[in-house]
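Before I ask anything, here is the structure I am working with.
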Amino acid sequence: MRLLVVNPNISDDVTELIRAEAMRSVAPTTELLVRTAARGVEYIETRFEALLAAEAVAEVIAEHRDVDGVVVAAFGDPGMPALKELVSVPVIGITEAALCAAALQGQRFSIIAISDRITAWYRECVEHFGFGNRLASIRSIKEALRGIGSVQEDFRAPLVELARRAVAEDGADVVILAGAPLAGLARDVMAEIPVPVVDGIGAGIRFAEAVVGLASGPHRAGSFAVPPPKRRGGLSPALESALDAAQTAGSTR
Amino acid sequence: MRLLVVNPNISDDVTELIRAEAMRSVAPTTELLVRTAARGVEYIETRFEALLAAEAVAEVIAEHRDVDGVVVAAFGDPGMPALKELVSVPVIGITEAALCAAALQGQRFSIIAISDRITAWYRECVEHFGFGNRLASIRSIKEALRGIGSVQEDFRAPLVELARRAVAEDGADVVILAGAPLAGLARDVMAEIPVPVVDGIGAGIRFAEAVVGLASGPHRAGSFAVPPPKRRGGLSPALESALDAAQTAGSTR
Amino acid sequence: MRLLVVNPNISDDVTELIRAEAMRSVAPTTELLVRTAARGVEYIETRFEALLAAEAVAEVIAEHRDVDGVVVAAFGDPGMPALKELVSVPVIGITEAALCAAALQGQRFSIIAISDRITAWYRECVEHFGFGNRLASIRSIKEALRGIGSVQEDFRAPLVELARRAVAEDGADVVILAGAPLAGLARDVMAEIPVPVVDGIGAGIRFAEAVVGLASGPHRAGSFAVPPPKRRGGLSPALESALDAAQTAGSTR
Amino acid sequence: MRLLVVNPNISDDVTELIRAEAMRSVAPTTELLVRTAARGVEYIETRFEALLAAEAVAEVIAEHRDVDGVVVAAFGDPGMPALKELVSVPVIGITEAALCAAALQGQRFSIIAISDRITAWYRECVEHFGFGNRLASIRSIKEALRGIGSVQEDFRAPLVELARRAVAEDGADVVILAGAPLAGLARDVMAEIPVPVVDGIGAGIRFAEAVVGLASGPHRAGSFAVPPPKRRGGLSPALESALDAAQTAGSTR
Amino acid sequence: MRLLVVNPNISDDVTELIRAEAMRSVAPTTELLVRTAARGVEYIETRFEALLAAEAVAEVIAEHRDVDGVVVAAFGDPGMPALKELVSVPVIGITEAALCAAALQGQRFSIIAISDRITAWYRECVEHFGFGNRLASIRSIKEALRGIGSVQEDFRAPLVELARRAVAEDGADVVILAGAPLAGLARDVMAEIPVPVVDGIGAGIRFAEAVVGLASGPHRAGSFAVPPPKRRGGLSPALESALDAAQTAGSTR
Amino acid sequence: MRLLVVNPNISDDVTELIRAEAMRSVAPTTELLVRTAARGVEYIETRFEALLAAEAVAEVIAEHRDVDGVVVAAFGDPGMPALKELVSVPVIGITEAALCAAALQGQRFSIIAISDRITAWYRECVEHFGFGNRLASIRSIKEALRGIGSVQEDFRAPLVELARRAVAEDGADVVILAGAPLAGLARDVMAEIPVPVVDGIGAGIRFAEAVVGLASGPHRAGSFAVPPPKRRGGLSPALESALDAAQTAGSTR
């Protein structure tokens, strides 16, 4: 199985954190392609920054179509669920994977986030997925970050404390450490948090493998089928080519 | 008052339909700038096509910052609510305006759409806005369109019939004729439909005027403030410039 | 355009606050009739007080049928949405208008209220409108009022503080200053509150103008059509006459 | 125990239907006072007609304060929950009682109604109560009624057929025969409908007895306490007197 | 009328508390059979403990089929609504009865519970019933209990304080004292809590009497009819016999 | 990795269908223990039959504690989520796994069921999980089954037709073939259904492997920790032993 893992942030150090946790999570028979968005921002915290990332992620997917599945590796799932229309293989966001991992292990969960600004966008993601009622809380670091690549070292203790308070005060059955910059931290702090701790990257990789393995078949109809052919303009060659291919395959995929 | 009206579709004939109805709707003291997205598709029917339009609309907004408000003139509100973070003036989608116009005139409403494929995306827009429970139905034309600029002539009778059935069978108190290609049709068919009929473009223009007139003040804090300054890459010069300007103004706007 | 603005409270000083803000908000071509309910209470804070106001507001509307639209100018929208059935022109409550104004400018909003008792009723209004999930909080003054006409002077600083805390602690993207006694205050305190501030009266006037301008047509069918003719008893002559007229016009309106 | 049963419709023949079923339902130790609203309409089908009834019902309650509980005997519960603020004894609507009776006997229920117009109002009542998700359907007679007092004779077979289809096609576990004009019909048709059949009047009487018997205590605080004393105007002497008494008792009730 | 009251906990001292309050609540013409589950745990606090109780309660019901109704007397309603399928008479849980009693007396209510662990399970019960939106809060004792039979003596003052804070801080219109170990306490503390106080056992008994009295008829179809005959194995003789009897009666009940 | 797969139905032929699809789905490094409930019914269709299965499944889990995860292999997830409290390894139901598999591949999904009676229970499962709003429909075979082990052969064509109609008429983006008796059918009919088709057993196995692989850690606190030690009675030796072990491990697990 070949999985494309896309970092929607333009930060290479976060890409390396993603790659490291993805390598630890992946099955021995899975091959990983880890790629970084070509444009956008260093770290997505808002709806508009997610908008900027969405087309850039689409282009990465369009450029790497010889894969069995795609993982969109920024919490908040920029471009989702729209990106599921682009190719006939599963495209999985790390947020939706983490939400499922939490929902399968408990009833209510909390999200621990690395900035206050990011929480409104995360809340909307959870509500759109359908789990607004299962969200115990979103707690976040309030201080400015020193750098996006060192968040988990700089804020290890406060992050654990936020998670512990989510359990004790908010009724969280499961805690999600949100955001690619925290990739891998769950393994490290698990013993200090008295409920299951979900890592977004780990969940994204493993649930993508599971869904690809299910081989449920493509969308030849319905609202996730490839968009119908029509006049387009101004798109990147990769996107044009991907849409052409998908629309040609349309009735036979 | 200067309003920027952006057609997120790349179709100039739809832009002309939008302009015509906008001109009929606007107050005498309002000046209109009507612009078409530079890239995307001829007519947005799916989540992915809306994703493609979103950044293109952002670029049009970034290029025309000397306005008092913006109307995003495609049903489904591509790029919303993210686009509200980009500039400090109100940015209003025609869907959210039409939903408010319907909610102020009745309890439950139906949406009449011009393609079956489009209905899933519209449903999600209504649910995200909070009115899932007030949506009586979405009914749509099932046949292929002859051309996007001539939908309202080609399908006048079927559209009226869909609206009448939404009232009689689905319990609609108000009917929304959805999509910029239907701009202006409400005026023409109103007498044949026994409940209020809302035109998206008309609602978008009038509610944008109302919100601009309220002068409620900008977002200097909260989740719709301009995104915090950070390293960016690969954006259009207009977007870079708009974000720089907004972030500089940040603490003072 | 002629708009009837009804104060459902029997307090003339609040009527003057309403009139003043309405005059500041209205388009030059709009004529205003501002009227006070003939019976009820000085200031509506509860469901039962709203019940007492409802028929009194209906009577004012019945007495002034030569208008293009009606604004019901007490937060909580007493008598709504029932009053929309009475006449064929738009009848808009200031709460529903303020909720739309907030929803078009942000995702989640808070309401700042002038008494603790009033908050339960407000919450139900928001939930019935469909925006329970977008309500960040309702915060209120806890102290007794010195007089209903001087609330905004007596409590200016505490009201601003409540609004600021709603933004900082509750995640409000927009703040609504609720209640006719606060009419006009938003203009004054806007600079001190870092998100858009919505004035109920301003929103009611401007959204009523917008909806009247849309000219969406009357309810000749559906659940907001005039009630069917039947034996009535004990109603005021104005209501009898209004219902007779509406029922006669029924099939032709 | 003394129960006041108020018919919010002005139709004496419906009052007699209510009285007859109430007499069959009541415990031997309960005394009934059955009263008819002094003004309003013959049969409430819409939100506005319910608005007209609300104050009339309040006046009947205010005139008969020497009781242990009140039943508001029109489906749709005109004036509720506001009326619960007026007196310190339980005030129960037949709709809310019927909804509880249905919810205690099954998961999802259907409502059988006597006019199409009435269904929108009923749906809102169910949603406001919190059971929107448990409502399988509302089915109604579509034909004009010959007279409100003879509905159950004139439409016995169609009503049974609607109930049977609600079970077979809509998944109803329980059926509610809605509206005082159908009072008593449930006893007669039960054998023909394969799920529990709830009579609104029967449920109203028995649940009022149960709640009165619980003796849970009055509302001395919270949003159902008597409204705070304030200047009033134009109310009936009975209402003035009831509010005065309640407000005087306020801190001691 | 004969009512079977089942204590799903195996604690006889709680059974005596239940019996005492049931005797105080019941009509003179109602005969009570109070029984204790034969297996399970001393006091149910979790979903799994409720699972253990469910079949034990079913067996008690199966052993006492010569009754007119059943009350399941543990808050959280173990085994419900499944148990309603087993016999053709009403089976009422004290939680669902208490929720209805609260909903008929106010809009939002709080639950006062005797352990922190129990609150998650209670919350899910309320949400499944449909009243998640009417739940103001669940507040609970945080300390370990000295013994399940003496909770109301040991914690009288803290329980009253929790109730008072639910009213003052959480907006509760009604307070439910949850759990059979608190049976009877409501009568004692009512004067100290300024809103109606609901006792689960009292509500269970009185609402069961009301529903039995309604005589709405059995489930001969729909999702609460007796399960269809099929091969079974390993069930208790009482359950086998009860299912055989119900399935034989099936088409004629 | 060792996975325990429990068939909550007592039918050995269904156990063989489960085993066969589980073997096809499992990773080469995963060892399977497939077991059948010792008591209950041949095929669970109702809430009460699920109640009967719940404790029997608990006993199977208690008897096989030397595993890394558990799959409860009946659609409707009898005993869930309570069973997650019993052991410290992940316990996954095939319904919740299938719902996640569907939600990761589309927005709205339909469930195809093998009996009409079963649909009410399934609907409640979906709503309790949080996906009520994503459920497009549940469609089911209406005819009596010839035998539970041969459903997929006997009804292959009608099942495909139900799935196709769910896509075309109900707007399903994904179809779930529900129930262990259909295990393996998805592979066979996928080409005839134009959207992804999810097999419950396949999803249960693969998502259990994914969650076990995540190694998120146990519940040492919160509402899924082992129930607190207390007097128990009448439980099977295996359950007593499992609870003793879990409670002893409590603070250290």
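For reference, chains read A, B, C, D, E and F in written order, and residue numbers begin at 1 within each chain.
Keep in mind that, in the parts below, a contact is a pair of C-beta atoms (placed from the backbone, for glycine too) under 8 Å apart; a residue touches a chain by one contact, two chains touch by 3 or more.
What you are looking at is a predicted structure, and each value in this text was computed from that prediction instead of being measured.
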| item | value |
| --- | --- |
| Chain C and chain A - chains in contact with each | B, E |
| Any chain that touches chain D and chain B | C, F |
| Identified repeat of the D-E interface (over half of residue pairs identical), from A-C, B-D or A-F | A-F |
| Separation of chain B from chain C, taking each centre as the mean of its C-alpha atoms, in whole Å | 26 |
| Intercentroid distance (Cα basis), chain E paired with chain A, Å | 43 |
| Of all residues in chain C, the ones touching two or more other chains | 81, 107-108, 119-120, 124, 133, 171, 173, 222-223 |
| Chains touching one another, given as label pairs in label order | A-B, A-C, A-E, A-F, B-C, B-D, B-F, C-D, C-E, D-E, D-F, E-F |
| Contact footprint of chain A on chain E as seen in their complex | 119-120, 124, 127, 132 |
| Chain D partner contacts - residues on chain B that touch it in the complex | 107-108, 133, 171, 173 |
| Chain B to chain C touching residues, read off their complex | 25, 27, 81, 84, 90, 92, 96-97, 100-101, 103-108, 129-131, 133-134, 167-168, 171-174, 186-187, 190-191, 193-199, 202-203, 206-207, 209-211, 213-225 |
| Of chain B, residues touching chain A in the complex | 10-11, 38-43, 45-52, 54-56, 58, 79, 81-83, 85-86, 117, 119-121, 124, 128, 222-223, 227-228, 230-235, 239 |
